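The structure under discussion is supplied below as structure tokens; questions concerning it will follow.
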């Protein structure tokens, strides 16, 4: 094993964007649907979540964690997985991921682990990322002035958090005005929204208000970019549509996932001192194609502006697999750079450290905590 | 030869989108122009259709079929080709393609083989794909109510067909409203179009009408996506612009060609149970770069949602070369996945079968015929 | 060393788009900022221009020119570089580039070498490319009718030049009307602009006027496309937005840089006899990822439509490194095509010659000079 391979395998990762894993049992359909990110309903009868890059990657890399041979058949994998409770699976996969810190976006619903449970199940540290749209929905239900309630909730929750997150990509996308609305506009929009029940925020004025409140905190703001489920109009989640927004602030902004716009995102990370990129979710879903994607992330983005995350949600396999595939992919890519003489081995070792934890430690000020 | 290489070479392909090959002699300019897809006029005097990936691929892979060494010079290739009639070339190249079924879009004009002639020349089965814009042009010339005529022609032609096809990409592109127009709108638009002569459909109302009539049949609808000639505004042929249209139906929709939007197309195939992707035309034109493209088709698209086609039209070389390049490319890509341990050899064999024929057999219900 | 490697190393390149190198001393911040193209201000304190693909490539490939080992540390590199004057660095790096002709866009300000100085420092030929927006700014300051002054300056400057250049991408981008404005529109717009001082042209009417005046000259028109600094809205620099403009002329148009739209640009080079592509700036900034980019440039673009440039500006390293990385990249890519049997070695040798100098010699009529 080369020094580079060892360094990559030994790196204790900061998984800077992740969600809870399942805590309670579910059927095979739940599991297979969780392997397809983009589809919002059940898979077609002729289809299987296993027949995808992610499905193949689970059979290749997760099967051995459960004591099966690599590439165990789908049937076999499901049968073996079913012998464990989700809690047991979480313990197994989380502790096998080689992660030291989980930064947890708690804004997704469902019966999944919270920050404290992730800590307990993994044996690692976990910190919260506060989802701005969830704060908005809490403010809509609170009594009194919306903006004041939003500010109060945000500050209270942010006190223990390391960053904020927005899913603007899912609520109309990035195009259009993203400046800060006036107090009067916010009050009017909040009134209308509360009249409609104040659930599932999609009002642009309030989305913009939330974003700018998040920026004002000074904590890094994570943005879902590109690939996700089909509620998101993918072409409206192109990060280049954020240019004017990015020009308005110098609070750190982290572009997550980014597929198929990872080259555009890398450009933004070069163009703006406060912009960061992370392949997130895409790496799990790309499976054997992960290295090609990771290589593109290493194009225009300066190396001090690239982060790691798994975006694991649901099956604990994803929290583990993200790390496994990132290690495999970065090794393939950097090994190539070194073998052609373009990089020195020392260059490669240092970039591994930067992406694995140095950059995230700096951006989220984890060292000071 | 490995088991994977053998399986790929032996696979009897379903070429799910193809046109007729030439039947009558032409000069060298006709041939060289046919090697450039995007240009609509004659090539510049300083240029040669041979000096492109497709041209190099023809010299590499088609020359041996004509008894020449690989990489025979362009001059030599043309000289040798000229010794054969187009009928003889068709017999040679079609029968060498390793295809079992041709699904033929008959909507392109010109002196090319029809469905029966393709069957006879190749010795394989051939089935028709009905081009909706051609049905529209026939309905414009028919007496009486346009919508009724369209429906009558479509049902008559579709009775023996396995799918429909639209070239909306060439008639204004995908952006804008793609909902079904009202009967009154259709009648008004048809009246205006018939007054203008009823040739070359580019009226959006009637294009939308045709699409929805096609969907209602329930047969798979093929859509030209991305790369084609310059009559198509390439940025308006981005399949993400189809999102709202795709949300309106569950009839199978096959995205053809897709370059340079193959990753976006793969995403749609993951997002919608009824959406399929196929690299089509792009593979011939990418020549030595085909493997990189095929690899990207294998990113987000579930493996049961990927199809094969050559889009061959004109020179019979293209019907053969599409298959040859697909085999070379898929072998390169899957061999790589297996060699790195990401896939098992059995995984690779199964995915070859899916793309080569299993998926197409299911989508077009070819088994039942 | 293979015949292909030798041919590539020996090729005397025409660097068809370049600027002056520095002539006077500067500090380390100037140097590191010059390694980040997209950022317009100083780098963040936590960042370093060396920690990027370009920075790593300078340490790998430029260090030996200064007598250092490959991959010398950033500190060491800067220390060694500081022992030389910029004039000495220019002599070293320009003469090591293996370039025979520099086509120099003189429209960038700053204390850099002009055409004659580049000739003297390199020992090669240099020719001018006239930037149309600079002509406009000169015409704004000239007495009398704007259009007449523009025409007079353009013709005078173009007499000794080999092409023109536009940075429309930086002045609002490509979308919107790009037809030729009327004389009256030009006069009105020029009056308004002169009233505002006539500096930094961003009036669309006058930009369009300049473009069409440039086209009318018949000299090749270079267009900045894609990647550049953040004053450019990258999504408005997508070359597909030029489709209608390209349809209006048959004057040669050269698409420069093109990242991340190099596949779109290659398509345009196939679609239009008068359109050319060049990776320019992108290759330096991609460093170890250059081969992947160069490979994509060799997809849809016919081989007689591809050019080479470094876009060097500022540090003389860039004039050298562009050539070094292009040689490394094209070798990697073509070697691959030959090794898989897709191309013959003779094919590869010929394509090297085409891109290195044959195409540029024809387009810019350099042979006749």
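In order of appearance the chains are A, B and C, and numbering begins at 1 in each one.
Assume contacts are C-beta pairs under 8 Å (C-beta built on N, C-alpha and C of every residue); 3 or more make two chains touch, one makes a residue touch a chain.
Predicted model, so just to flag it, every value in this text is computed and none were measured.
Student: Is the contact between copies chain B and chain C built from the same residues on both sides or from different ones, judged by whether over half of the numbers are shared?
Tutor: Counting shared over all numbers used gives less than one half: different.
Student: How many degrees of rotation map chain A onto its copy chain C on CA atoms, rounded to the nearest 5?
Tutor: C-alpha superposition angle, chain A on chain C: 120 degrees.
Student: Between chain B and chain C, what is the separation of their C-alpha centroids in Å?
Tutor: Centre-to-centre distance between chain B and chain C: 37 Å.
Student: Show the residues in chain C shared as contacts by 2 or more other chains, in ascending order.
Tutor: Answer for chain C, listing residues that touch two or more other chains: there are none.
Student: Quick check on the complex: what are the chain B residues that touch chain A?
Tutor: Checking each residue of chain B against chain A gives 238, 240-241, 243, 247, 263-264, 267-268, 270-274, 295-296, 298-300, 302-305, 336-337, 340-344, 346-347, 354, 362.
Student: Quick one: in the complex, what on chain A touches chain B?
Tutor: 36-41, 43-44, 46-48, 51-53, 56-57, 59-60, 70-71, 227, 229-230, 233-235, 259-260, 285-289, 292-293, 328, 332
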